[in-house]
Amino acid sequence: MDAILLQVLNGLDKGSAYALIALGLTLIFGTLGVVNFAHGALFMIGAFCAVTLNKIFSISSEKVNPDKTDFLGNPLVEKTPYLESWFGDTGIAIMDWSVPLAILFSIPIMMFIGYVMERGLIRHFYKRPHADQILVTFGLAIVLQEIVKAFYGANPIQTPSPAAFVGTLDIGVYIGFAENAITYPYWRLVYFAFACAVIFAVFAFLRFTTFGMVVRAGMADRETVGLLGIDIDKKFTIMFAIAAVVAGVAGVMYTPINSPNYHMGMDFLVLSFVVVVVGGMGSLPGAVLAGFLLGVLESFASMNVVKQFFESIFIPSIDQIVIYLVAVIVLLVRPRGLMGRKGVMEE
Amino acid sequence: MAILEVKGVNKRFGGLQALGDVNLSVDEGAIHAIIGPNGAGKSTLLNCFIGRLIPDSGSVIFDGQNLLGLKPHQINQAGVSRVFQTPEIFVDLTVLENVMIPALAHRDGSFKLNPFRRMRHETEVRDIAVEVLADIGLDTKLDMTASSMSRGDKRRLEMAMGLVQEPKLLLLDEPTAGMSRADTNNTIDVLKHIGDSRGITMVIIEHDMHVVFSLADKISVLAQGTVIVEDAPENIKGNPKVQEAYLGSAHE
Amino acid sequence: MNSTTLSDRALLLFFIFLVLAGPAILAPFGGSYPDLLQKFAIFGVFAIGFNILFGLTGYLSFGHAAFLGAGSYAAVWMFKLLSYNVLPALILSVIVAGLFSVVIGYISLRRSGIYFSILTLAFAQMMFNVAYSVATPITNGETGLQIYNDDPQWLQGADSPLTTNLFGLKMNEVFWRPEFLGFEAQFNVGYYFCAFFLILAFYISMRISRSPFGMMLRAVKTNQTRLSFTGVSTRPYMLAAFVISGMYAGLAGGLWACMDPLAGAERMQWTASGEVVLMTILGGAGTLLGPVLGAGFIKYFEAIFSKINDQVLHSWFAFMPDGLENVMVAIVHPFVGKGWHLTLGLLFMLIVIFLPGGLIGGITSLGRWITGRGRKDQG
């Protein structure tokens, strides 16, 4: 029982990331009718916003201390971050909290990138064939990730969470299990809560604002909304920027969980596509639900018991392919996905 | 002998009852016109015949075979061809290719794996296609790309695609809409000629009463999703129900 | 009709000439060495096959590298089990790729358009994961599959060569090294072996596009719904096209293993699938010659660009004042050497945005513009 609960928890953080990316993908697809192959790159750029801010905060003054030597016997160079020398403890705290602060830093950047992407590129592809849309965003994804690689190198870059969230919470004790039966890193809890908040905000925004109403109407029937004389173009741009921000902040907060590297975007994108297909193309709740579901499923598949069972029927390393297998089954049994509207995926 | 028997077909779109209990009987070899005011459900009914829409209830029996639940290509292979209202042609292909595709589908069935057969050896199918195109007056434009044709020519091409299959039943959705008077008369002649010489049964939706009364052996009047009258043309003209359906809707 | 037959025949002869004279033609460009020439032919086969699916039907598969990888693995297994003879290896690689494409195609083709692209991408990624970790006993995981001394090789004759060969004819043998205008050209057995299949692949794709079957595929691209109302069952046509192009990919993978008896999971990655898409659209999707041109173009520049390092760059810009030289080197540096993928991505975008018809499309419209026919059409 406790083992199962633990796996559910373990799946939630990855599930959160899938859900957030899939949410943005669905928004863009539903309103603009474009499948954005560069959406994973936006997630990756978000993560590197956090890396960048962390680097900026750690810019240090260098002073040679002649009294000490480093392990090579040279005079020791002491580094003091400017933030520390200027603001003392406040400065240290700011550095410590660089990842959450990076959210504020990343929002304008992601909005700008989203704006430029839609205005400069995607816009000109609304009337082109789907294949062209896919190809051009695919090309963009390669360009973005190669640029990041050129600046930050190919290796993952560690970006720690604030010290307050290092360590694990013993959840099990609170709900009547033995000590250390169910422990869970604080930061993953934060990530899950954060993802829920973002998802809630997006849904509230779509439900309770006029803007959201138009967007929802547009997702249901794009042509009609266009006929109503609503300036749909501008709304599309804003929608794209919002989706970019959602992907970006998802990336920012993910950095302490997994050190970001330049190809993380594409890794997550492929899985998020599967999530979208399983959830039902064009369904926002479907995307969120399927995101969490597949995240949890993946974590179950990595349990030793499950792995051994599947190895005994000659399917080793089931955790590596479980999501794809589920996608295939869903597609064969229920082609429009878990929550897809009838007719959306039918052709 | 009825070749097409439509019984109790219902179709709702959300709250709108598009078709309510439609009954229709089309005699073999006849030209059967369906008329009615705008929004009466004529195109919806046609879409139910070819598998583009699936009715909520009812049956469509063609030649002893239930068409409901069949895939579009199976319905076509059973002998039902449709001429679309807005031309749905293969715009990137040439005029001749556009007609050869349905001709090949008619001869070879719904699938044939022949990647090594050369197109230019398909002289038999080609001759049939050219003949139909000649009938319809497009034989001078065989190698033209379909997208670069005029709208009237596209409509004629669309009709040639239906005719070349020599279907048992040809469904025509406003074949002369937007045509000049001369073209309309020409189309009437072509359809008459084909109906007589090949014995093709036709169901035709039309607004132009000139066309309807020149061609039809029998007329069904559709209003608000149901057939209100089904009778010979001479009896339709004076029918008070029909006048009410047209005038009533026009007055409102 | 007769004119197309004539021009087809001329095109085929031109193509054969181009391929057979390849080593000589490329000598002045520094491209006449076996490794690069073989890549031209292998990726030419791959792109021609991909074009049968994408160019004719418009269905964009993002997973074709998976079939290429499967072909490579199958071929290496034949080397391990039977002998270094390339024929059984090639046969098995085509069969294995064909089987995989039947399964993947059957499921993916339940959807069209973007869904199809997503599904093929997901399948390819799954196959990559399978090859990389799940099926390690078969694929040797990260290390990649290769031939070891203790492999059975049941049919390996005592005196037959210990390298890939066709009944004793070694693939890596260079049988003629003449000089053309001061450049060395290397005529290699392996290249001509691949060239044979490249010409065969080209001929078959030409026959397909001139057949009723090919016409149906082009009709799918234009208006698939209409085609089904015309009495054509589109799905078996699509599946046939998918499997044919999958078998082409398998052949390419098999040839690759025949030239260099290794197979690794990285051949199946999405970047590899993206590369064949780029080759096809760069040359001109739907044209006969385009995909081969695109493949040659990409592989050539990959070979050239990857070799450029900062030293080479400094020698290029040496004529400039030192400061400017460094600036220029800094600007160009991210695009060459290891940055080749950045150039590839940019090229990808530029082609899609500005040259949707690819090189062939560009040349055609240029030709039309020069002869003035284009202006008349517009006027």
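Worth a mention:
Each chain gets a letter, A, B and C, in the order it is written, and its residues are counted from 1.
Here, a residue touches a chain if its C-beta (ideal position, glycine included) is under 8 Å from a C-beta of that chain, and two chains touch if they have at least 3 such contacts.
Worth saying up front: this structure is predicted, and the values here are computed from it rather than measured.
Viewed as a contact network, the protein chains form an open path, each link joining two chains that touch.
Compared with chain B, the chain whose C-alpha mean position is the greatest distance off is A.
Each chain gets one centre point, the mean of its Cα atoms, and the points for chain A and chain B are 52 Å apart. Centre-to-centre spacing of chain B and chain C amounts to 46 Å, using the average Cα coordinate of each chain.
Centre-to-centre separation of chain A and chain C, using mean CA positions: 34 Å.
Of all residues in chain C, those that touch two or more other chains are 225. Chain C makes touch with chain A in their complex at residues 54, 58, 60, 62, 107, 110-115, 117-119, 121-123, 125-126, 129-130, 132-136, 225, 270-271, 274, 277, 281, 334, 339, 341-342, 344-349, 352-353, 356. The residues of chain A lying in touch with chain C in their complex are 35, 121, 124, 128-132, 134-136, 138-143, 146-147, 150, 266, 270, 273-274, 276-277, 281, 315-317, 320-321, 324-325, 327-328, 331-332, 335, 345, 347.
Put simply, chain C touches chain B in their complex at residues 1, 4-5, 204, 207-208, 210-216, 218-219, 221-223, 225-234, 236-237, 240, 244. In the complex of the two chains, the chain B residues touching chain C come out as 50, 52, 71-73, 76-77, 81-82, 84, 88-93, 97, 100-102, 104-106, 108, 110-120, 122, 161, 165.
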